[in-house]
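What follows is a pair of complexes built around chain A, which joins chain B in one and chain C in the other.
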Partner chain A sequence: MDAGVLAQYVFNGVMLGVIYAMVAVGFTLFFGVLDVIQFAHGDVVMAGAFVGLATYLALHALGIAAPAVVVLVVACAAGLGMALLGAIIARWLILPLRAAPAFNTLLVTLMLGSILRELVRLFYPNGSNPQPFPRLLPSASANLGHFTLRLDTTLLIVTGLVTIVIVNLVVRRTRLGLAIRAVAQDSETARVMGIDFERVVLVTFAIGSALAGFAGVVYGLYYNEVNFDIGLLLGVIGFSAAVVGGLGSIYGAILGGFLFAALQTIGSVALPVSSAYSNVFAFAVVIVLMTWKPTGLIAEPASERV
Partner chain B sequence: MTGTAASRVAVHSQRTDLVVAAVAVAAIGAWLWAFLATDRVGVLATLLAVAAVAFVLAQRLAPRYRRALTARPRAATSLVVLAVCAVAVALRDQPYPLLMLCTVLLFVVACVGLDIQIGHCGIVNFAGAAFFGTGAYTAAVLAARGVPHIAVIAAGGVVAALVGSLLILPVLRTRGYYAALVTIAFGILFSTFLEVNDALGGPQGLKLHGIDLFGWKFNRDVTLGGTTASFYVNYFVLSLALAVAAFVFARRVERSWLGLAFDAVRLDEIAAATFGIGVARAKIVAFTLGNLLCGIAGAVYAMMQGFIAPNNFTFGESLILVSIVILGGIGNPLGILPAALIIVVVPQKLQFIQEYRFLLYGVLVVLILLFRPEGLLPRRIREYFPGSGA
Partner chain C sequence: MTEAARALEVEHLFAGYDRADVLVDVSITARAGEITCILGSNGSGKTTLVRSILGLTPPRRGRIVFDGADITGLPTHRVIALGIACIPEGRKVFPKLTIEENLRLGAYRETDEATIRKRLGEVHSIFPKLEERRTQLAGTMSGGEQAMLSIGRGLMSGPRMLLIDEPSLGLSPLFVRQNFEVIRRVNEQGVTVLLVEQNAHQTLAIAHRGYVLSKGRVVAEGSAAALRDNEEVRRAYFG
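Right after this comes the complex of A and B.
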């Protein structure tokens, strides 16, 4: 295979990996503090993309056209909106079910996901059809043989990585992050030490969901199209990435995100069958990986309490 | 003296029990008939309100009356079967309500299977529709090759169980969320595979012919004693037989040592293992039995519908199957019937909410899990001696 073509695949795969990693980090943060899976997370990504789109249309109607301003406002609106949504989900759905079996939380959030999906489909104008997402980034590109280095994609990759690094720094280096990690390690001891448990949980959900909102905007800017049903697959992929990497570990989530993107790319390029099988291949490998490492590649450090 | 008086009282109370049960079942039958036959929104709303009130009243009733239905499960079961048959007879010349009734019964079979996995053994299975679809596609492929239909139905179940056995190793090795991921990934893998695979019809799906069991052609109207009934009566007989068999089977399994092992494994794997219960064996048996039932239901469903497509077996459909199990009350097969009726029939009846179907399911399940997490008819504590009133 030509080096340029190969580079192109790797480049596109990295872009996908960044999106998946942004989604997976949210899963892993939520799992860290509450030991729950917020399965509507993929639909929060979708909702973020739609909030971004609606903001863009509003700005457009107001006559604000400066691309830099628009991108910034769109990203902030999606991030803040989803942060709020995440906190609401945590406060009214996840925390009340803390005492219930994990299965119930899983199901409640799965159903919440289909509620979000249906709300967008039914109530967003013409929501059941794919919506065009505006190209807001400079579209300059450089041709290096078969490899086209696009400026907009490069910007998206860099922005995505920077947001993940920022979230990681917040968790590792700030007082808030210390509180989050304390709750993740042992919520009761954390409470004894005077940490406001509920606040930490809400803030964690807000951070993770804001990241999902950004991921939605990145997705929209990359594909230039969003649809109400992108959330299900994104959620399952993000969850797979977080689980394959090892729930509770941010590095695991990033690793898992890039791994899944790599599997999809390999599935569509290197397999002898049609590229339509790439997801079939990727999920089959995920199942095999789960069999090989039942608690993920970077396993949870604590052993099971009886 | 007192002894005979007591036994007389006992006989008397047994008789009233039976009368109470018969009246209750007759009322349920009449309700079911009206529910399936009506087309009007107002009537439907009234019926649902009546059911809700009756349900609340039944919950308040003295345990004495409730016992009427639970003390002799066999009598109660035959009464319910009789009532459902009477409903089918009353609806004999209306194909559409009959088709809905058959669909409900087949969903009941699949959900009883899921209930063995989720409710008894604690194996989360979010790929119910995939196993249902495996049965359906097996039926489509085999029936097109001229395999006798009785074998096709059996093969639907067996192939679903075999496909399920691919997942046994990952399901055994993983727990909790990790195990949920395995079945979710499989469910999505399955429907994506069907979409892109041209040999199985791709997105257009496959066509099937009606069932033909030993010359009994199911797609031919039935003429009996001068009256003609819709051909769905044939499917009704088969689906009802399957549903009853599934119920009896699930009941037997629950009351066996195997069922006890399932409960132990669900409640605490480590404790179960220390008591010498083969955790892996229990899980394998429960998972395989559940998939077998899903596959059989899927095979019959495919031949009844005459057409199947990947759209019928998506992850969303798996969620609907799980919602039925949750709504009915996890672990109690009796709750599955009303839950399946509500979830399958109501959206079909109310064409204008058809569009909002998934939204309403979602809201309904979220509300149930928040406010009545044990479902409509929660599972009771195991009774070792029927009628002991534990």
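Right after this comes the complex of A and C.
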């Protein structure tokens, strides 16, 4: 294969990996602090993309057009909006269900995901159909043989990686992060240390969901199109990435995200069949990996939780 | 006794899990500046008493008052905020956090970095090993070292009152002696201590007053000397 073509595949794969890792980190954070799977998380990504899109249209209507300002406001609206949604989900759905069997949380969040999807489909203007997402980033590009280095994609990759690194630093280096890790290991002893358990849970859900909101905007800016049902596949991919990496470990989630993107890319270019089989291939390999290493690639006890 | 002399008062406490009461009409007082011990065998309700005070097992009936404030049923972090610290049963260090991170969690409610560093220094001077191994994961330490860490962590908040649940559990006699000596010294610096133990001998040697729990009820109380001479305590503990 031509080196330029190969580089192009790697470049596009890294872009997908960043999006998947952003989603997977949320799953792993939620599981870390509360041992729950938030199945509506993929739809939070979708909701973030639509909040970003609606914010863009509002700014457009107000006549604000400076691209840097627009991108910043769109990203912040999606991030803050989803942080709020995540905290609401934790406060009124996840925490009250703590005493109930884990199946209830699973079912309730699955239903919530359907509600979010249907609300966007029904109430967003023409929501049943894909919506164009504006190109808000500089579209310059450089051609190096068969490899096109696009500035907008590069910016998205860098921004996505930076947000993941920031979340990781918060968890590892701050007082709040210490509280999150303590709750993840032993929530009762964490409370005896004077940690407000419920607050830590709400903040963790806010952080993970804000990351999902950003991921939604990154998705929209990359594909220039969003649809009410993108959360379904993104949720399953993010969840598989977190599980195959080692649920509860941030590094595992990042690894899993990039692994899934790599598998999709390999599935679409290296297989003798149509590229439409890329997801079939990627999920099949993940299933094999999960059978081989049930606790994830970065498995306990080598990894620390969260 | 003046109000200020009573650091902690538990009045007619009933507590338990599901339907069964583990504690039945338990009343105890821990005087300020003293070591008060709660003796009792396994299943006598000692740990449930500690959990009730901390708000981990909210009582069904009764009242818990700390320094004049009613703390019955208060969320745990708010009880801790009033100046109570706990060295829990089984030590409960965070295994995948470093020694220093564990100690810092003990001072979680303290936000002033200078104060935290000062307290780290104090704990390090009591247990020099904790300084040498600052960056080691707590889960990789021996049981005796984890006990040091748990005690050090309990001191990090600069508490006015310390609840200590079975510090001797699973430790060699040498470690037990050392730890009891540390508890005595901490108390001499003015910290009120509620010490929950099975090991009556060494506990009564450092305690001022005590209570004996059996099947969830207080069956004896008095000064440490009186408890040592008490027939029932003798039969139960000193054979």
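Just so we're on the same page, the second predicted complex is superposed on the first by the 300 of 306 C-alpha atoms of A that agree within 3 Å, B and C clash if a C-alpha of one lies under 4 Å from a C-alpha of the other, contacts with A are read in each partner's own complex, and residues count from 1 in each chain.
The rule we apply is simple: contacts are C-beta pairs under 8 Å (C-beta built on N, C-alpha and C of every residue); 3 or more make two chains touch, one makes a residue touch a chain.
Remember, predicted model here, so these are calculated numbers, not experimental data.
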item	value
Partner chain(s) touched by A:Leu178 [first = chain B, second = chain C, both, neither]	second
Touching partner for A:Met111 - first (chain B), second (chain C), both, neither	first
Partner chain in contact with A:Ala190 - chain B first, chain C second, else both or neither	second
Which superposed partner A:Leu247 touches (first chain B, second chain C, both, neither)	first
First (chain B), second (chain C), both or neither touched by A:Ala24	neither
Common interface residues of chain A - those touching chain B in one complex and chain C in the other	none
Complex interface listing, chain A residues touching chain C	175, 178-179, 181-182, 185-186, 188-197, 301, 304-305
Complex contacts: residues of chain A adjacent to chain B	31, 37, 93, 96-97, 100, 102-104, 106-108, 110-112, 114-115, 117-119, 122, 232-233, 236, 239-240, 243, 247, 274, 276-277, 279-280, 283-284, 286-288, 290-291, 294-296, 306
List of chain B residues in touch with chain A within their complex	118, 124, 126, 167, 169-170, 173-178, 180-182, 184-186, 188-189, 192-193, 195-196, 270, 315-316, 319, 322-323, 326, 355-356, 358-359, 361-363, 365-366, 369-370, 373
Parts of chain C lying in touch with chain A, wherever the complex brings them together	54, 56, 75-77, 80-81, 86, 88, 92, 94-97, 101, 104-106, 108-109, 111, 153, 157
